[in-house]
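Across the two complexes that follow, chain A remains constant while its partner is chain B and subsequently chain C.
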Partner chain A sequence: MDIEFHTHKKLGAIVAQIEQLLLSDFPHPASENALKRFLDFFRGQITRLESASNSDPRIVKRVCITVNERILQYLPVLGFLLRSTNVRNNFEAYDAFVQLSEALIGLHAQVVLSSEWDYSPLTYPMNVSVLPNFVLLGMPASESTNALILPLAGHELGHSVWQNDQVDHLFRANIQNKVRDYIKAKWHDFTQAYQEHTHLMPTDSELSNNLFLVNVIAEVVQLCLCQVEETFCDAIGIRLFAESYAHAFHYLLAPSLGGYGSLEYPRLPVRAEFIALYGDVNLLEQGFSNYPAEFDDQQPTLTPRQEFVSSAADKICRDLAYSVFEEAKRIVEDKAALHLPSDAAAREILEMFEKAIPARTPRSLADIVNAGWAYVRKHGSTFTEDERPLFDWVSELILKSIEVLEFRRRLEDA
Partner chain B sequence: MTKKGEEAMLSHSLNRFARDLAIEQSLDAAIEISDVITGKRSDSPALSGLIHTLMGADAQGVSPSKRDLLSDSQFTSISQRAAALSGRHYTSTNELSDILDLLLKVNSVGLTNFSADDLNFIRDFCLGLNQSFVSEAFSKTPEPPLARSRQQNF
Partner chain C sequence: MGNQGEPMGLAIIPEPSIDEVEDAGEASVTLRLGRWFVTLRQSSQTFFDVRPETAELRAEASASKKYFVPFGREYVLHPGRFVLATTLEWMRFPATLGGYVAGKSTWARRGLIIETAAGIHPGFNGCLTLELANVGEVPIKIRPGMKICQIFVHELPKGEKTSAGSLAGRRRPHLGTLKSDSVLNKLS
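Moving on, here comes the complex of A and B:
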């Protein structure tokens, strides 16, 4: 059979699968809304395939390739949406994340909270065009009962803020200028990496007009923007949750996951360094004498060209890190002031936790989780786990407190 | 440069969301232009949408100038790759002016009065864009933790 026929079959299969998924019971409408959007999207792909059927064979081929890529890219998201119906998820926290998302992104924000059969909770900031305004927050299934890692969702929210506020517009021009300056300053390194282009000269004119150089610049800009975005997301997380973001980040990722990181992220110790330098959290008081030193990842072996591009992106991202954190702080303080953490409020909640009762009048998710981490730090070494594990106990206190937070919010809104 | 100035200058920047959208728009545009070539239709809304995605506009809805677009490495790099995939190989940014002129003309007067060669080129350019963006989307890991590069498991 021909490829077009198979593509029809594949689209029919995924549409049927989404229709099946839509028969699920959804605890919140966002997951169902997302599935309906995917259903419309893939039905649209069928319509397109039919309309292209008698076109130029090159067009038909591109349609089939695009369908394959879309299925490949979106199938994991469908699994994510299905798992959002699983009772394993911390649904107690759902309303709190909706409030945060609406504050940061707008009332149109749609939140899906789900679990991942993937260790990282940072897998789906799927800013895909099918799901505009959706915030997909995933937590690793193995940590599904652990409320202490909820602050890591702040990183995911950061990706949605980045998209919603088009933060890349603020940095792109500056990054491009810095890349040009970097290439001029490191011209010897450039000629070592690109030995067949030693005839070029690092003049402004060449850097603007020579398309080989322009492509190198674009590659560094793109890589650097990815790193800046990840830095921005950490900055959003730390501003929204303060010390509990640093603890959760450390809990999940330190010392490393065993390999080397993607070039699209600042290296793990560097991310930790940015958090320590610009996060406005006294990490010494949190028990970290040297927070970045808690992390370690290996440098991948790179070709000279990859090394040049990566070094340029690393350097420029580092140069911009402070202003990236400042921009994140500005946005959070401007849009989500009511949700910001308060030391006094966290202390008050900690006192409640120490009496084995949930918070009575919590005002933010951050205060609750910060109190949870404070409890772990203060009592973790002496806690007797005969009756129940420490994290289960603290998570129960946190989740009950979050329910109180939602109850009070609903009372105020009524 | 002030933030405001930077924003105005690069309001056409293609972020991840826009590149994802452009995958669909470029393919729809190629199909519609084919229909224009064969006389089945006379316009291409998808092409207009694609051009808007590629070029963007500032808060007042004004498209960036040709000079601004040609000074943006991302725009020129994408345009060069798409042109190369459609058979035109350029070495200088200035040579991309031809493409930009065509796109700006579509933006202002639609697809009327285009020669068959130009329509063929615009269609192939759209296919080149689709190929370029799909390839990028495939190779991009969906925001991995420490970003393993996506491996093909088959």
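Moving on, here comes the complex of A and C:
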């Protein structure tokens, strides 16, 4: 059978799968809306394939490749949407994240709260072109009942803010200049890494006009932008949630996930260092005498070229980290001031948790989770887990408090 | 009511409107329906046995199915059906207070039974699990946040001991586990 016939079959299969998924019980409409967008997209691909059917075989082949790519790219997202129906998810937190998303991104934001079978919640691909206004918040499936790690969703929100506010535009020109300066300053390293290009000179003219150098600069700029975006997302997380982001980050990722980290992220100890330096959280008071030292990931073995590009990106990202954190602070304070944490509010909630009752008048999600972590720190070592695990009990209090937050908001908004 | 989190008081969160309680002139406090529901899986649970030692009791997860219904949506309880729900309110009873939960007459007259294990012991904390059954002949739509039941509170002046039990400290309905009954065991 020919490839076009098989592609028709594959498109029919994925459309049938989406139609089946749409029969699920979705607790919130955003997942259903997302599935309908995918359904429209793949039905559109069927129409496209049909209209290309009598075209040049190369065009048909290109369409078939695109269909394969899209199925490969979107199938995990369909699974993510299906898992948003899982009753292990912290559904009570949904409204709080909707409020946060609407404040940061706008009223058009559609939030999907789900779980992932990939462990790291920090690597979810956000660039789903079919879902431009969607905020996909996913916790590792094994941790989906653990309310203490909810602040990590702040990182995911950061990706949406990055796209929505086009934050890359703020940093791109600066990064490009820094890359050029780096190459000039490290010209010896450059010639070691690119030995067949030793005839080049690091002049402004060559850096602007030599095709090879222009490509190297573009490669480093792109890697820098990835690292700066991830740094920005950590900054959004720590600004929105303060110490509970640091605790959740530590809980999930320390000392490392083993293996090698992606070059598109600053190394784990470096991310922790940025959080400690620029996050405005007294981590010593939170029990961390040296927060970055809690993390330890391995550096992959790189080719000389990769080493040069990676070192450049690391250096430039480090140079920009402070201003990236300040930009995140400005955005969060400007758009989501009502949601920001307060030490006094968290202390008040902690007192209620210690009396085995949820927050009576919570003001923000961050205050609630900060109180939860404060409870764990204060009582974790003496908590008797015979009847129930500590995190289970704290999550219960946190989630009920978040429900109270929603209840009160709805009454006030009505 | 001690909603400030006073250790000796009764805490109800979210707190009911004190004005509404006083204006109603009733001897009870009205509570609202929560958002979690649990039904029993009839296809995989052949029977419950009152003797836990011999019971084919399955883990709660496999014997029941949970549903979350957001505010603004409804759950339709058909005639003859049974579902566990909770109060929206989380309560904590001090050692000096006990109580009873009862239905609302308006719903009872339409066939909705709220609760059959009505006692609330001193020291209880958590959301009350409600045993909802439609014994009427018409399906009933129930909505999270609706007024669903009422509690009557009584004082135990010398109350010192508490009995929170394994059903306490939960925000979702919970089947619980059967306790061993030594007398029943000897009779069997």
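By definition in this document, the second predicted complex is superposed on the first by the 412 of 414 C-alpha atoms of A that agree within 3 Å, B and C clash if a C-alpha of one lies under 4 Å from a C-alpha of the other, contacts with A are read in each partner's own complex, and residues count from 1 in each chain.
Convention: contacts are C-beta pairs under 8 Å (C-beta built on N, C-alpha and C of every residue); 3 or more make two chains touch, one makes a residue touch a chain.
What you see is a predicted model; the values in this text were computed from it and never measured.
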First (chain B), second (chain C), both or neither touched by A:76: first
Partner chain(s) touched by A:56 [first = chain B, second = chain C, both, neither]: first
Touched partner set for A:132, first chain B, second chain C, both or neither: first
Residue contacts on chain A - larger count, chain B or chain C: B
First, second, both or neither for A:215, with chain B first and chain C second: first
Touching partner for A:404 - first (chain B), second (chain C), both, neither: second
Which superposed partner A:25 touches (first chain B, second chain C, both, neither): second
Which superposed partner A:238 touches (first chain B, second chain C, both, neither): neither
Residues on chain B engaged by chain A in the complex (per definition of touch): 1, 3, 6-7, 9-11, 13, 15-17, 20-21, 23-24, 27-28, 30-31, 34, 71-74, 76-78, 80, 90-94, 96, 123, 127, 130-131, 134, 137-138, 141-149
For the chain C and chain A complex, residues of the former touching the latter: 3-5, 7, 11, 13-15, 35, 66-71, 88, 90, 92, 125-127, 145, 166, 169-171
Chain A residues within the chain C interface of the complex: 25, 27-28, 87, 91-92, 94, 351-352, 355-360, 387-388, 393, 396, 399-400, 403-404, 406-408, 410
Chain A to chain B touching residues, read off their complex: 48, 51-52, 55-56, 58-59, 62-63, 65-66, 69-70, 72-73, 76, 118-120, 122-129, 132, 159, 163, 166, 168-174, 176-177, 179, 208-212, 214-215, 217-219, 221-222, 253, 256-257, 259-265, 268, 297
